[in-house]
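Heads up, the thing below is written out as structure tokens.
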Amino acid sequence: MINYNPKEWFTFIFRVHKSDTVRQLMPMIVSLSIYVALVAFLEIEVFNLGDNSHLKNITILHGMLGFVISLLLVFRTNTAYERWWEGRKLWGSLTNTSRNLAMKINAVLPKDDVVNRTFFREHIVEYAFALKRHLRGHQRDSEVFQSNVIIDHELHKPNHIAALMYTRLNDLYNQKIISGTQLLFLNEEFRAFTDICGACERIKNTPIPFSYSVFIKKFIFFYVMSLPFGYVFSLGYIAVPIVVFVFYVLASLEIIAEEIENPFGVDDNDLPLTMMSKNIQKHVAEIL
Amino acid sequence: MINYNPKEWFTFIFRVHKSDTVRQLMPMIVSLSIYVALVAFLEIEVFNLGDNSHLKNITILHGMLGFVISLLLVFRTNTAYERWWEGRKLWGSLTNTSRNLAMKINAVLPKDDVVNRTFFREHIVEYAFALKRHLRGHQRDSEVFQSNVIIDHELHKPNHIAALMYTRLNDLYNQKIISGTQLLFLNEEFRAFTDICGACERIKNTPIPFSYSVFIKKFIFFYVMSLPFGYVFSLGYIAVPIVVFVFYVLASLEIIAEEIENPFGVDDNDLPLTMMSKNIQKHVAEIL
Amino acid sequence: MINYNPKEWFTFIFRVHKSDTVRQLMPMIVSLSIYVALVAFLEIEVFNLGDNSHLKNITILHGMLGFVISLLLVFRTNTAYERWWEGRKLWGSLTNTSRNLAMKINAVLPKDDVVNRTFFREHIVEYAFALKRHLRGHQRDSEVFQSNVIIDHELHKPNHIAALMYTRLNDLYNQKIISGTQLLFLNEEFRAFTDICGACERIKNTPIPFSYSVFIKKFIFFYVMSLPFGYVFSLGYIAVPIVVFVFYVLASLEIIAEEIENPFGVDDNDLPLTMMSKNIQKHVAEIL
Amino acid sequence: MINYNPKEWFTFIFRVHKSDTVRQLMPMIVSLSIYVALVAFLEIEVFNLGDNSHLKNITILHGMLGFVISLLLVFRTNTAYERWWEGRKLWGSLTNTSRNLAMKINAVLPKDDVVNRTFFREHIVEYAFALKRHLRGHQRDSEVFQSNVIIDHELHKPNHIAALMYTRLNDLYNQKIISGTQLLFLNEEFRAFTDICGACERIKNTPIPFSYSVFIKKFIFFYVMSLPFGYVFSLGYIAVPIVVFVFYVLASLEIIAEEIENPFGVDDNDLPLTMMSKNIQKHVAEIL
Amino acid sequence: MINYNPKEWFTFIFRVHKSDTVRQLMPMIVSLSIYVALVAFLEIEVFNLGDNSHLKNITILHGMLGFVISLLLVFRTNTAYERWWEGRKLWGSLTNTSRNLAMKINAVLPKDDVVNRTFFREHIVEYAFALKRHLRGHQRDSEVFQSNVIIDHELHKPNHIAALMYTRLNDLYNQKIISGTQLLFLNEEFRAFTDICGACERIKNTPIPFSYSVFIKKFIFFYVMSLPFGYVFSLGYIAVPIVVFVFYVLASLEIIAEEIENPFGVDDNDLPLTMMSKNIQKHVAEIL
């Protein structure tokens, strides 16, 4: 994620940032310009179509469908934003849950039980890092700031870490270090961990329905490709920048939606999972 | 459900996938083309209507109602999407609940109580498969990977499985294997099972209100059928592809909404219930 | 509620169903047709207004306000749909709560306590039927499948049934048949009953604010009544079906919203409360 | 709040009800009519502007911004409606909470403890009335049907009543009339009271952001005031009713939003707090 | 936050308030006016472009994209408003939680334990002030009305205060002043504190995705800058106020959204955190 000051309009408008959609769309913008110029050349110079040509009125189509495509794309972006925001909320919950679990463990364990305190401190932190790698498909990475927890790469790591902690808790219960009520109260935090992990996986693994995604892309394509036929009559060669700008707007909305609908990747707009995991590490270290 | 990479625009635009709405609408697209061509032929060649005909201005209607139909269809698709997403969330909860129940059972049962452990492992998993078959109306199917649980086909299977598990728990309580508090805590998970099942049934059995659905279809039909009368004046035979494209856009939105508003079927866009059930089986087997 | 297959377009478009808005609007459609024809006759034949008349340009108004009216009505329908869907969710909760209460009662009562078991089986079921009659204003009806519970018609029946059950529970507690913890746990289900009843009453008794409702109806009326003045210039007598179609679309949206915003009536689009109550009866009978 | 039958279109359209926006806007409608007539008179008779005047094309502006203003106002109304509906839900919760607290008190107190029963019956009911007066700024009013509870007018009355009840409960606990668990369970209801009171205060004290409100009003004003300049060219003196109708629609939406965004006042569209408080009184009297 | 009466239209329309967007946009409005006048001068006087120029038809673009930009900005404002409202709800929860915690502490502590009562009274109040300063980045400020709590400026102050209170509670538990159940019940309030703090930080630290923000600003800029090229043909020098007004509307929406999407600052539209903290102080002092 990029931190920025939303009030600096000047830099926003004139700098072309790396994750700017202008940059991503550049190849298509160039191809489209050539295509529109070609259509203009053919209609004006080669076929020399006059104002009586029916082709001129094809713009009726674009006026009529302009609403639908606008609505569709703005709704699409909004839905994607809600997923992004839900992802952010989930990681916010993870931070709070990690902290609460650390505080509870701190309260129920004897002050001098260094072994178990270290165990939980390491595993609570490792859960966040493991979830981050799990969501990004980087299961095999290792990180300098991570704990000594080593897990088989084939397993579902976050679940496995949760299970390790749960087993340890059960042992503490069997050794009468913690009571049954305390076991059940702590259980709630583990349920929260699992629920957060499940919800993140849901967002990651469930893109919007296939037909819907195909339909939007086909619609943008045919809409933009048919634009120059009518526009050339009233705009001449000025149709080139105009069609390109319309395409830039429509395609940007779709591209932004694609980027933010899965907020757990490493795109510029994705959530700063590494930073959040480090925050959890810091908070937990202060408590346990 | 189809897994796909939303960023591959090229294949989306040019491949006609099985579940693509283009394919489903093909018969209607062909009929409509013939109809529009016929209208054009009659107006241009037979009646030879000039620019003074009032019929020319019928397009006022389409401009005015273009807003309403666009808004209606985009809202319709959005509502359907929310149902689809709610269905996805419910199955995510089912996964988490199954896992949590398994973890709790694992904690409260003695390590060597193989009989009861097997009982719960099989029935928790079977619940997911039974719900899947229940929602798809395939009550009589059997699946190779299922447990040995055999239930009368006339009964509401998911409820029956929940009741079997509840009775067993009660027996454990009467035999003093688990305490009253534990019974009540476990009860929460059964309530979650029943709530998920009830919510899935609600989505499955409650389509959008009948009048609303009828109205949208009638509206699309009359809107599209009246389009060529005015368009032929300004577009001639080009009206054929134009009207077809407008129809493709409007009808696609309605068709996508119809498909995703009940997310538990076996359409391409429906949720991968079998895969999710198998995941539950795998997760539970790791715990119990 | 009408069960239907949303994918059968043909029957939707050509059959005029009883609850179809076309049918309800028929008297107004006929009157409006006469009105528009009269306006057309006066403008064309009597006053013989030419293209210079300022009246011709009155259509500017309709273009400008067409967007507001469309947005208003689509939002209105959406809000009404959300109330309908909330009503559906509440009755889904009632089903789940009834079933959970039956399961809990089954667990806490001794197996051979036939009297109390019968008491709760009858009253849980009766609650659903009483709520149905309460919401429909049919307090005095009796139904063949109901229990033997007889209550004074002047009382708020659902509340009274809940109170009867609560008193009985208290007696069981005083007789030491159930413990204090069990009493409090069961209390939760009664709270759920009361909350569901309160929420249903809220939906039933709170239509959208009066001014808003008045405004929408006035707006539709003046909008449609002023349509023909401008349309007749460009459409001649074709204005009759055009204005009627615009009216059909706008009024249908308002009528559908009116029907579904109170989902507890006996309209075709209303929720199948009787069927749901019978389902509760069946489910509870299987448990208790 | 006005109770009405939403299906009686006739009376809605032709009666001008007291809270109708037409009535509230009448002074502005009259002034606006004079203003538009003046503009028309100046442009047509005095300056005699021809069709070549650039002023004629000022309508481009209104077409372009017509979308924005429509969207803004419909969204504004929707947001206000959601606040109104949230207020309604909160008072629904207050009813349920009052009833639940009465039922719990009834269960935990001995049958013959008339003093405490009376105390709680009076104070639960008084809470609703005090909250009503608090939200309406009528702290000093007294009502015939109220209890004997007398509180200093300077205090936050609802909070004070809750505190009185809480202290009494604590006394009961110290006297061993109720147990610690029961105290904590009852505490939940008090938390609900305080949460409802806090949420009502939030709705009452937090109008939509100031800049937003200013912007909408300025926008409507300049939009409507500039309308006649262009309209007079194409509509002549007919511009007067047209501009007035556009103003009526836009201003009505804003006025309705203003009225319903604070639902606790005594406007016609506000919630019937007195009636609801009396209902609570009736329900509680039936129980305690 | 500014308190105002939303029904006083007159002052809204004619007074230019400090936080009015007109004021903030003034420099850009002046520059834009000069730019548009220059374009008009060049097109009319210098190049003397006639009606045949293709540049005239560039307005097609603005009609087509006007809908997208309107939708985008209204949705943007709405999303920002929801964040603002969520922030308001969080501080409402903080007030209720502080009050509830004070009431619980009051109930569990002996009446004469002045030391601990003072400790909690001061720290509960300090939490609100510390959160306020934390959200506004004013960590080093001190306030006359604050308690004697002194914390190292490097620490995360709200978390630190919560930890201090939690440790004290634990000590009370170890000294058998409060029971284990009471400890766990009080734990809930601390969890609420931490959750509120985390959610406020989420809103503060997560602006809408960078690409989205860039895209909206670029879109407004190019849209407005290209407006005069076409408008000058039909509007002449009147294009200056028209373009400026369009810019005012679009930019105001974006500016309002920017201001309210982070509701914890000290802008005029931001939430009155200081006032709310003082309220908490007052409420807690009345209880403890």
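Letters A, B, C, D and E mark the chains as written, and numbering starts fresh at 1 in each.
Assume contacts are C-beta pairs under 8 Å (C-beta built on N, C-alpha and C of every residue); 3 or more make two chains touch, one makes a residue touch a chain.
Because the structure is a prediction, the values reported are computed rather than measured.
For the pair chain C and chain E, chains touching both partners: D.
The copies chain B and chain C differ by a rotation of 70 degrees on their C-alpha atoms, rounded to the nearest 5. Chain A and chain D have Cα centroids separated by 38 Å.
Between the CA-based centres of chain D and chain E the separation comes to 24 Å, rounded to the whole angstrom.
For chain A, the set of residues that touch two or more other chains comprises 63, 67, 71, 181.
Chain contact topology: the protein chains form a single closed ring, every chain touching exactly two others.
The sequence of chains round the contact ring, opened at chain D and continued through chain E, runs D, E, A, B, C. Taken in their complex, chain D has these residues touching chain E: 54-55, 57-58, 60-61, 63-65, 67-68, 71-72, 75, 79, 156, 159, 163, 166, 170, 180, 183-184, 187, 190-191, 194-195, 198-199, 201-202, 205-215, 217-219, 221-222, 258, 261. Interface of chain E with chain D (complex): residues 1-4, 6-7, 9, 12-13, 17, 19-22, 59, 62-63, 66-67, 70-71, 73-74, 77-78, 81, 84-85, 88-89, 92-93, 95-96, 99-100, 103-104, 107, 179, 181, 185, 231, 234-238, 242, 245-246, 249-250, 252-253, 255-256, 259-260, 268-269, 283, 286-287.
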